[in-house]
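Two complexes are shown next, each including subunit A; its partner changes from subunit B in the first to subunit C in the second.
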Partner chain A sequence: MQTFLTLLISGLVIGGIYGLIALGYSLIYRASGLMSFAQGDMVTLGAYLGIFYYVWLGLPILVALVLTFITAFLFGMALERGVIRTLLKKNVIPIYIVLATIAVSYIIQNLAQAVFGSTTQWFPQVFPVANLTLFGVTNQTEAYASFVISIILMIALHLFMTKTKFGTAMRGSAMDPLAAESCGINTSLSTGITWGLAASIASLAGMMLGPMYGVFTTLGSTIGRKGFAGAVVGGYGNMYGAMIGGLLLGLAETFVAGYIDGTYKNQIAYIILIVFLFVKPTGIFNEKAIQDV
Partner chain B sequence: MNNTLSTKKKLPIGIAVAVVVLALPFILQLIAGNDYSVMICCIILVYVIAVSGLDILFGYSGQISLGHAAFFVIGAYTSGLLNNYFNTPLWLTIPAGALLATGIGALLAWPASKLKFHFLSLATVAFGEIVYYFLYVSPKIGDSSIGFTNDYMGINVINIPFLDNYTKWYFFLLFFVVIFLLAKQSLIHSRTGRAFMAIRENTHAANGMGVNVRKNKIIAFAVSAFYTGFAGAVYVHLIRYIAPATAQQKQSVLFLTMLLFGGTGSLVGPIIGVIFIELLLELIRPLQEYQMLLYGILLLIVIVALPGGLYGGVKDAIVSLKRRKETAKLAKSDQ
Partner chain C sequence: MAKLLELIDFHYYYGNIHSVKGINLSVDEGEIVTLIGANGAGKTTTMQSISGLTARRGVVGKILFQGKEIQKYNGYKVATLGIAQSLEGRHVFSQLTVEENLMMGAYLRKDSKHIKDDLKNVYDRFPRLLERRTQMAGTLSGGEQQMLAMGRALMSRPKLLLLDEPSLGLAPLITQEIFVAVRDINKEGTTILFVEQNSKIALNTASRGYVMQTGEIVMSDTSENLLSNEEVKKAYLGG
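Now for the complex of A and B:
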């Protein structure tokens, strides 16, 4: 029982992170029908921005959190405006957009290495209490905080997308750009904001990972692909599917590693991804976006 | 193929290229005075085979793969392990590596061929990662946990005593490059090749015209995996080292970059792309930790500025130059 609870909690913590990254993928796919291979590196970006604001500048944690969110948002929007939009205007085949996002991911990884060095940076303890015991399970306080923040972010995003005027406009322009445009919605702006939002959510995930995993240049690339697996499991393009899929993936990974064999921990996500792509590409929420022929 | 050049001009250009290619290792020996530059040429030849294979898949049948390095690694491990630990001769191990890659490619393509662009690319990324982790966690082979190291295997294909090893390799590889490129051309101009292109242009129309889409997509994947697997199998004996990490996304992206840079769906495109990118990487190698940063920036600039690839860009330039000449001629005759 004790092992079960420990695994359950750490599965939910990492699952929450996967869910946030998966949300970014789904948002981008919904808004522009594209896939960003740099989404994972937004996690890395966020983690380093956290180090920059919290450790280097010595700002309070909440200010650092907000600043990271804003910086990543601007970066994501600049990526859409500067690179993706230019390529779309040139009417290139989609592979160039994939390759452009891969190039951006190389730039983020290697720029981070050039600025911060290749050694793992440790995020200092944020809370005065290092460990917290819940239901007889002791864990890092940051781990619990990360799960709580993940859930809050997911609920906030849900409220933003469904209750606010702007969120509704974003959903509208994702559903039918032409109709949305004729209703007076600035679809170009909402696509840019979607990319920005995806980047900033992932960056927060990165900042929360920092205290648990340490900050290194390839932090996001593996976790980013696992987030993608979460998005596919839930149903690619579906916001709620992404959250559920991410959580399920985190739980599956942790339980397999805990009960069966830890060496295969990293393979689980990829095997689940491939199985879902081949057998049930529409995911749990039956989102019809993937199948061809 | 190359409509921008007339057949009259083609022959002398072809002869000139052949002479340069044949004399290259000797010229490089004279100029640089060391083997290193010849080795780079050997790597270029290996990559030409691998990237031509990727071109069959992406350039002709329109299927994306971001996991081709996995086939490269499968070929390399198969050939290297068989040769190193079972003393199987090279002429058996290299085809064995290529054939295993082909089989796995066909198996992967069987379910993957129904996936759309982005999801196919992610499925292939996942495939590459699975191959990587499989090799990474597999029990130690020989005396190293990260890949294995072969003893040097000199091959004596063209046995000329005063030639040194990498030069021998160069001609050995050149022989296979020519064979693989000829095979690629004849495949492209066959019924199957035309089916590939029909699928690339419009899957539904191809299906309507009686092309078996699923079957041809799987064939394209298998042939492509054969090329890349073969390249990996010869690579491991050339470099005498392979690590599981090669199966990861980075190497696959490198292959794709080479293909896109040179231009897809052509004979010379992959060759130009491989030469250019490999030389570029060699050129910025002294920058060490900034190498990948600069590579990323250059990649992004080229994609944004020149999305048709180098070959496409040059082709367009030649066409527009010709058109300008013709209009000038017309203007003159009008006067």
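Now for the complex of A and C:
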């Protein structure tokens, strides 16, 4: 029972992170019909931004969190404005835009290395109490905080997208840009904001990973890929699918590693991904995955 | 009567394809005018160009709204001027509810009190939308979607309402119902320019009409005269 609870909590913590990253992939897919390879690097970006604001500048953790969110938001918007839209205007076939995001991904990784060096940096302890015991399970305090923040972010995003006029307009723009534009919605701004949001959510995931995993230049590309798998399993493009898919993969890999064998921990997400693609490509939330014939 | 909308030597190019070849068209305040013509004549291109929904680089010539040149404006900016369009093919937000769709029509408005009144007016005009207000728009029938597209356009309280093929794919009975609404909306004071495949209904609804053929306007007259014109009868009214 104790093992079960320990695994459950660890699974939810990492699953929450995957869920946040998956959300970003889904938002981008909805808004632009694309997959961005740079999405994982937004996690790395966030982790380093966290170090920059919290450690280098010595700002309070909440201020560092907000600034990381804002900086990543601007970065995501700039990426859409500068790279994606430029290519779209040239009427480039979508796969080439996806290829361009691979280039962006490597640029970010190498820039991070140039600025922060190649050794893993450790995000210092944030809370006065290093460990917390809940239900008899002891864990890093930051891990619990990370799960709480993940859930808060998911709920906040849900409320923003469904209950506010602007969020509804963003969903509308993604569904039917022509109609949205005719209603007076600035659809290109809306797309830019979506990329910004995707980046900032991922950046917070990165900042939360810092204390648990350390910060290194390929942090995002490793963990980001699992977020991607979560998005596919949930139903690529579906917000709720992304959250559930991410949580599910986090739980699955933690339980497999805990009960069966730790060597398979990093394969399990991709095995589930490929099984889903074969058996249920539409994901848990039944997104459109099959071409019309 | 003051001219609300005026197209002066308007051309549209899709790359090298010259789709609209220098048309002149105007709509006075309070009028109801139709644009008819065969498939591919350039009607939708013209309508969407007025609304700023076609790529701006393809536009040559002038589009004036209340005397102001708007041919360079993007779609969302044209909407702020008071031009709303019910698009060809309806284009409802399929995964938003009926009411969310209508509220998107009022996206630019800040007067929440009057928005409520207008929502009620739309529901009074199309009671079926009220019955389905919490239903996803994608699950509506074609006729209901058309009502929704029109209702959404009305929710902006437009000065100029553009309707592109409101009867597309609808049964005759629903078509009648839609056109009763079109006439009423105009009688209540909204200026309307509409495109319609069914020329007979179009000319019976509008006071004036333009006939478009392969990118050009070949005739322009009162509906009465067009209805009795031999050429129009032969080409568009089935003999």
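Everything below uses one rule, namely that the second predicted complex is superposed on the first by the 288 of 293 C-alpha atoms of A that agree within 3 Å, B and C clash if a C-alpha of one lies under 4 Å from a C-alpha of the other, contacts with A are read in each partner's own complex, and residues count from 1 in each chain.
In this text, a residue touches a chain if its C-beta (ideal position, glycine included) is under 8 Å from a C-beta of that chain, and two chains touch if they have at least 3 such contacts.
If you're wondering where the values come from, they're calculated on a predicted model, not measured in any experiment.
J.: Which partner does A:Phe228 reach: the first (subunit B), the second (subunit C), both, or neither?
T.: In the superposition, A:Phe228 touches subunit B alone.
J.: Is A:Leu62 touching anything from subunit B or subunit C once the two structures are fitted on A? First, second, both or neither.
T.: Neither subunit B nor subunit C is touched by A:Leu62.
J.: Using the touch definition from the top, say if A:Glu181 reaches subunit B (first), subunit C (second), both or neither.
T.: So A:Glu181 only meets subunit C here.
J.: Does the superposition put A:Val129 against subunit B (first), subunit C (second), both, or neither?
T.: In the superposition, A:Val129 touches no partner, neither subunit B nor subunit C.
J.: Please indicate which partner A:Ile102 is in contact with in the superposed arrangement: first for subunit B, second for subunit C, both, or neither.
T.: In the superposition, A:Ile102 touches subunit B alone.
J.: Of subunit B and subunit C, which one contacts the greater number of residues in subunit A?
T.: B
J.: Considering only touches as defined above, state whether A:Met1 meets subunit B (first), subunit C (second), both or neither.
T.: neither
J.: Touch check for A:Pro281: first (subunit B), second (subunit C), both, or neither?
T.: Only subunit B; A:Pro281 stays clear of subunit C.
J.: Of all residues in subunit B, which touch subunit A in the complex?
T.: Listed in rising order, the residues are 58, 64, 66, 111-119, 121-123, 125-127, 129-130, 133-134, 137, 203, 207, 213-214, 249, 253, 256-257, 260, 289-290, 292-293, 295-297, 299-300, 303-304, 307.
J.: Spell out the part of subunit A that touches subunit C in their complex, as residue ranges.
T.: 165, 168-169, 171-172, 175-176, 178-187
J.: In their complex, what parts of subunit C are in touch with subunit A?
T.: Per the stated touch rule, the residues are 51-53, 74-76, 79-80, 84-85, 87, 91-96, 100, 103-105, 107-108, 152-153, 156.
J.: Show which residues of subunit A lie in contact with subunit B when the two form their complex.
T.: Subunit A residues touching subunit B: 29, 34-35, 83, 86-87, 90, 92, 94-96, 98-100, 102-107, 109-111, 113-114, 118, 221, 225, 228-229, 232, 236, 263-264, 266-267, 270-271, 273-274, 277-279, 281, 290-293.
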